[in-house]
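I have a structure I would like to understand better, so I am pasting it below and will then ask my questions one at a time.
Chain nomenclature is as follows: A, B, C, D, E and F, assigned in order of appearance, with residue numbering initiated at 1 for each chain independently.
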Amino acid sequence: MRILYQLTSPMEKTVLGAKEVARRREFLQERAAAGCQVEVRSLADGPASIESAYEAALVVPELCQAVRRAERDGFDAVIVGCFSDPGLEALRELVRIAVVGPGASALHLAAQLGSRFSVISPLGGGGLGRVEARLRALGVAAKLASVRSVDMPVLDVARQRGAVLERLGEIGRSAVHEDHADVLVLGCMSMGFLGITEEVGKEIGVPVVNPVTAGLKTAEMVVAMGLAHSKAAYPVPPKLDAS
Amino acid sequence: MRILYQLTSPMEKTVLGAKEVARRREFLQERAAAGCQVEVRSLADGPASIESAYEAALVVPELCQAVRRAERDGFDAVIVGCFSDPGLEALRELVRIAVVGPGASALHLAAQLGSRFSVISPLGGGGLGRVEARLRALGVAAKLASVRSVDMPVLDVARQRGAVLERLGEIGRSAVHEDHADVLVLGCMSMGFLGITEEVGKEIGVPVVNPVTAGLKTAEMVVAMGLAHSKAAYPVPPKLDAS
Amino acid sequence: MRILYQLTSPMEKTVLGAKEVARRREFLQERAAAGCQVEVRSLADGPASIESAYEAALVVPELCQAVRRAERDGFDAVIVGCFSDPGLEALRELVRIAVVGPGASALHLAAQLGSRFSVISPLGGGGLGRVEARLRALGVAAKLASVRSVDMPVLDVARQRGAVLERLGEIGRSAVHEDHADVLVLGCMSMGFLGITEEVGKEIGVPVVNPVTAGLKTAEMVVAMGLAHSKAAYPVPPKLDAS
Amino acid sequence: MRILYQLTSPMEKTVLGAKEVARRREFLQERAAAGCQVEVRSLADGPASIESAYEAALVVPELCQAVRRAERDGFDAVIVGCFSDPGLEALRELVRIAVVGPGASALHLAAQLGSRFSVISPLGGGGLGRVEARLRALGVAAKLASVRSVDMPVLDVARQRGAVLERLGEIGRSAVHEDHADVLVLGCMSMGFLGITEEVGKEIGVPVVNPVTAGLKTAEMVVAMGLAHSKAAYPVPPKLDAS
Amino acid sequence: MRILYQLTSPMEKTVLGAKEVARRREFLQERAAAGCQVEVRSLADGPASIESAYEAALVVPELCQAVRRAERDGFDAVIVGCFSDPGLEALRELVRIAVVGPGASALHLAAQLGSRFSVISPLGGGGLGRVEARLRALGVAAKLASVRSVDMPVLDVARQRGAVLERLGEIGRSAVHEDHADVLVLGCMSMGFLGITEEVGKEIGVPVVNPVTAGLKTAEMVVAMGLAHSKAAYPVPPKLDAS
Amino acid sequence: MRILYQLTSPMEKTVLGAKEVARRREFLQERAAAGCQVEVRSLADGPASIESAYEAALVVPELCQAVRRAERDGFDAVIVGCFSDPGLEALRELVRIAVVGPGASALHLAAQLGSRFSVISPLGGGGLGRVEARLRALGVAAKLASVRSVDMPVLDVARQRGAVLERLGEIGRSAVHEDHADVLVLGCMSMGFLGITEEVGKEIGVPVVNPVTAGLKTAEMVVAMGLAHSKAAYPVPPKLDAS
């Protein structure tokens, strides 16, 4: 099984650099099932991180090409490497291989593990109402307890392990004690790649869902089951289909 | 008051041509309030029509530039010229002038006029479940009766007034009698620009909401009230804000 | 276009007096679109203000006569002058001209401008649960953030501009910062007629929807589009229809 | 315990006459618990039946006086004698004795007896969407299977036992087999007073909830438990409270 | 009419003892309608109280036998004596006599008396999210204001009238003032049997629903109306039906 | 990683016999990830299949012992071998190792793959309303398109591969074309063990989710991520915790 983890930034050109791309590939490969090979690809262009719908929108056209190339290259699944699942519907229309949104995967897993979950987000994105709207669209809003933010830019999240760890501890406890959450969801891939999920979970005493591994394991699951997203739900665009 | 109706295709380069762009400008200007000047701009590039999330995604980056230019050019509001409101969240993050999604405007108006509405869509877009997800996100799903399709490509809709009129009559009656709808929403701007809304409404006996005029009148309303979308809901992307 | 703003009290006989009726007419006319003529009519009888379902119920029978007279007098639309939209369903059954509830109009507009809205109400009406029930009925409950009250009787609201302005500032900030609201709705026509909406909006930094202008502009929109409420949803009462 | 069944029409003056008023009192008294005395009062004025929101609105002012008189006369509870529960919120604001809406009682009982219920209504009232809105407001919409109508005026329902019985059999079977209902609710007090509920239930094989007895038994329950509606939810109108 | 109140513990063998069983029978009989005879039966085995889904699950098999025996013994209805309504769906499949869940009855009654209710629970059960899930299943979640706990084991609740009374006062006020509840529901039968409901209600000023009497009165209502749960919703298990 | 697939019947004693137990173990092991060892255990007692809430309730006490034994035996996760996830909340309270409900897993996976799903169930269980209630509790009801039944007892399903295959084809097409489903969920483990999922999916052209593999892969995912259900949501029963 071959899975592509498609970064949603030109990470080599950012402050995180090629080293981080390589580290993320390793992070994923280490957590992949035996027999599953994970590749990581970055974009040629685009913002250094996605902290708004605007930045998400900018990268979708290149993502469209990326998933089509992935299909031609024989990948079995593509994970869209941003918690906001940018362009998921569009990407799914274009290919028959599974396109997995790690945000949706993490949220659905959280919903299975407890009765109320909180999402912990980085800076940006518009707050509770925007997340609620997204969760209503996904059909998993019933168990949302709250959205709380670490109030750090994504690129800082990616480089400040200690600060994030501390903030997550505080915020997570507030989510549990004030918002009645019993599961937490890390709302940012860069948080997930810090490898602090278990530590946070132990400290707070509730499951913490890492969208990186949630996306990876969901992709493995879907491929292993011989499935992909429904082409009845995400049909090939009529003009492409005709051509 | 100056309102930009931003087409989401390079219409001059399509089979509809510059004449249709001019006609649509006239259509809008005729229906605009006194003192409201409407301009129509098309895109430089992109697909000839939007019949999928993929095509919607392709045009958003250019739309982002378009709304910023519109703000600089002194427009009071921009109407995004596609019923699917492509990129609405992204566009709203970028500017302080009102960005109006005619789909959302039409749906909210329909919800005010009756107790259940049906959306009549052109070819494409994935069907009932996709529309339901969008309406849940918008917060107007409670009154959705059904989604029915004329099963014609958008470009045919734009050019086959008679055929569309006939299909709308049939479909509308089914929506009313089988799905318990008491309001209909035309789910496509090209349908709206045919100028057949009143005729259909009279024939079927229920209000038919034209997204073209719903978007125009909502833009006028928002500007007249000195309002725009909330910047607390759609904040400037942090990296743009910092620069 | 002729629009009737139907007061829901015998305002000339109240402490507000004929002068306030005239002032409200001017307020509306100034904000009306060119070519739109607004008339204001008060009731012959009834309580001085509506601060309960009881008082709302008392005025509906006279409102029923008022909308029928308005239809006979050639008005194109009637705005029911109370945020609670008293008797809206009944009034709509009686006539074919548009009957607009400014509460519903304001709520639907708020839902279009942001992701969560708070309603700021005067004294009375039973609190959060009652508003929630109404919003569920209208189908716009998904984005409700909170209901907060200025705790002032309606007649005081109408006469104490300064006090209301101060209270709205405080309450609005609480709604934004504690309840995650990004749009505010003034839940009282007398608040709306104070002409303080923009000032409050600027101070708090989120859109503030004035139900007076929301109702007016919605009425203009509906008439301009050749629409009215659905007679399939609000049919003529069978016994009237038979006669 | 003394319970007032408050008719919502001047029944003595209608084609149903004083005899039907007396019959309904007997019907109720026969079904009342030992020690519970039921009185029936009609209105002095108003339409002969309620088949629209308009007619409902017309009777609420007199109902307001009626519940206040009932409280002064020492009744423990008032049942508002129409399935649409006209003016329930207003009436509850005025008194501390229990005001019971038989529609709400029947719907809540139906929700307890099965997993999906259908409402069978007489002529009028606007159809599925209007009922859905009401049920969302009441908070019992989740189990609504459908609304089906016998398409007979209320006064015919009251006098054509055989025809109603036959229609209910047909309609009920459709509700069960086509709409997946497992409980039926008679949506009209005149249906309930025909005394055919058990017969229909046996024929169709699912519970049929009679709003007449549901209202009566709920009133008895509330009084026996020393309860009434919440005055925190339905506070005395401020101006009445001050006086 | 004969009603069985089926305890969900072997109460004679617990610290509460046979005396409490007798007292509860008296408590119920005193509150029963004239002509209604209430019997109380305990289980032969099982935990001393139900404070978890685990303990609820343990008693359902014996409850299955108990309701079948009750049907053979000629009872008209069985009340399952735990607020969590353990095994309600299973029990209803087995018999045609009414099986009443007092939790569901109390929640539906609360929903009829106000606009938002809070549930006050004893120790255990998993908190807000678990209660929300249950209420969504029941279809009465729309009016839930909050869940607050007295944080006392059920057996302490049953024996410490004074402490419970004090805790309920505090908690109830918080529910009303902080959570906007206007009705309270005692979420534990042992609380209900303390006979403190009215006292708490008077002190806090909102209706307090006792699940003991709510269950009893609902059972009386259902039997008096000739109803029971729907066998279409709760069919006899196919293998039992075949035998 | 060691996973226990816990059958919910004494399968060796049923018509399916020890051979089927062995076959199911093989079925699972073949589909397990490398390094994952699956064991299958049956119950000592109980009905031959679960076709009702009653039968589900009967097996939960023994399942409680089984999951505790599984924890002692060092398993990393237990899959409860019935689509109805019998006793899931109870079982989760008792242990810290992951307890996976394959029904919930399949439903959440289906929700991720499309926009509307239909559940295809065997004989029994009470129909649409009962499934809807369960899905509301789980928080995944928004995308439910329909429930359709093959109308065959579970034990027949397990032995009549051809008949099931044919019925699934018919029913699945109806779900897609009449109910607007774009994903199907097999609502029965015995259907899942037939190994016909891919064949059905290919024939109908939409993803078909097999709860057997959905449960297995979800268990693997949860264990691989170092997670389990939340003990804050499913706390140890207080009396067990104290001992």
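Note that in this section a residue touches a chain if its C-beta (ideal position, glycine included) is under 8 Å from a C-beta of that chain, and two chains touch if they have at least 3 such contacts.
Bear in mind that the values here come from a model prediction, so they are computed numbers and not experimental data.
Asks: Hey, what chains does subunit B share as contacts with subunit F?
Replies: Chains that touch both subunit B and subunit F, as defined above, are A, D.
Asks: More contacting C-beta pairs: A-F or C-D?
Replies: A-F
Asks: From the C-alpha centre of subunit B to that of subunit C, how far is it in Å?
Replies: 27
Asks: I'd like to verify one number: the distance from the centre of subunit D to the centre of subunit F, where each centre is the average of its C-alpha atoms, in whole angstrom.
Replies: Centre-to-centre distance between subunit D and subunit F: 44 Å.
Asks: So which bits of subunit B are touching at least two other chains?
Replies: 114-116, 126-127, 129-130, 133, 136, 138-139, 141-143, 182, 232-234
Asks: Chains as vertices, touching pairs as edges: which of line, ring, star, complete or other describes this one?
Replies: Topology of touching chains reads as other, fitting no named class.
Asks: Applying that definition of touch, give me each pair of chains that meets it.
Replies: So the chains that touch one another pair up as A-B, A-C, A-E, A-F, B-C, B-D, B-F, C-D, C-E, D-E, D-F, E-F.
Asks: Where on subunit B is subunit F touching in the complex?
Replies: Touch list, subunit B to subunit F: 126-130, 132-133, 136.
Asks: Can you check the complex and tell me which residues of subunit C touch subunit D?
Replies: Touch list, subunit C to subunit D: 47-49, 51-58, 60-61, 64, 87, 89-91, 93-94, 123-124, 126-127, 129-130, 133-134, 136-139, 141, 153, 232-235, 237-240.
Asks: If we count contacts the way the header does, which residues on subunit B are in touch with subunit D in the complex?
Replies: 114-116, 142-143, 145, 180, 182
Asks: Could you pull out which subunit F residues touch subunit A in their complex?
Replies: It comes out as residues 31, 33-35, 101, 104-105, 108-109, 111-116, 136, 138-143, 176, 182-183, 197-198, 201, 205-207, 209-210, 213-214, 217-218, 220-222, 224-234.
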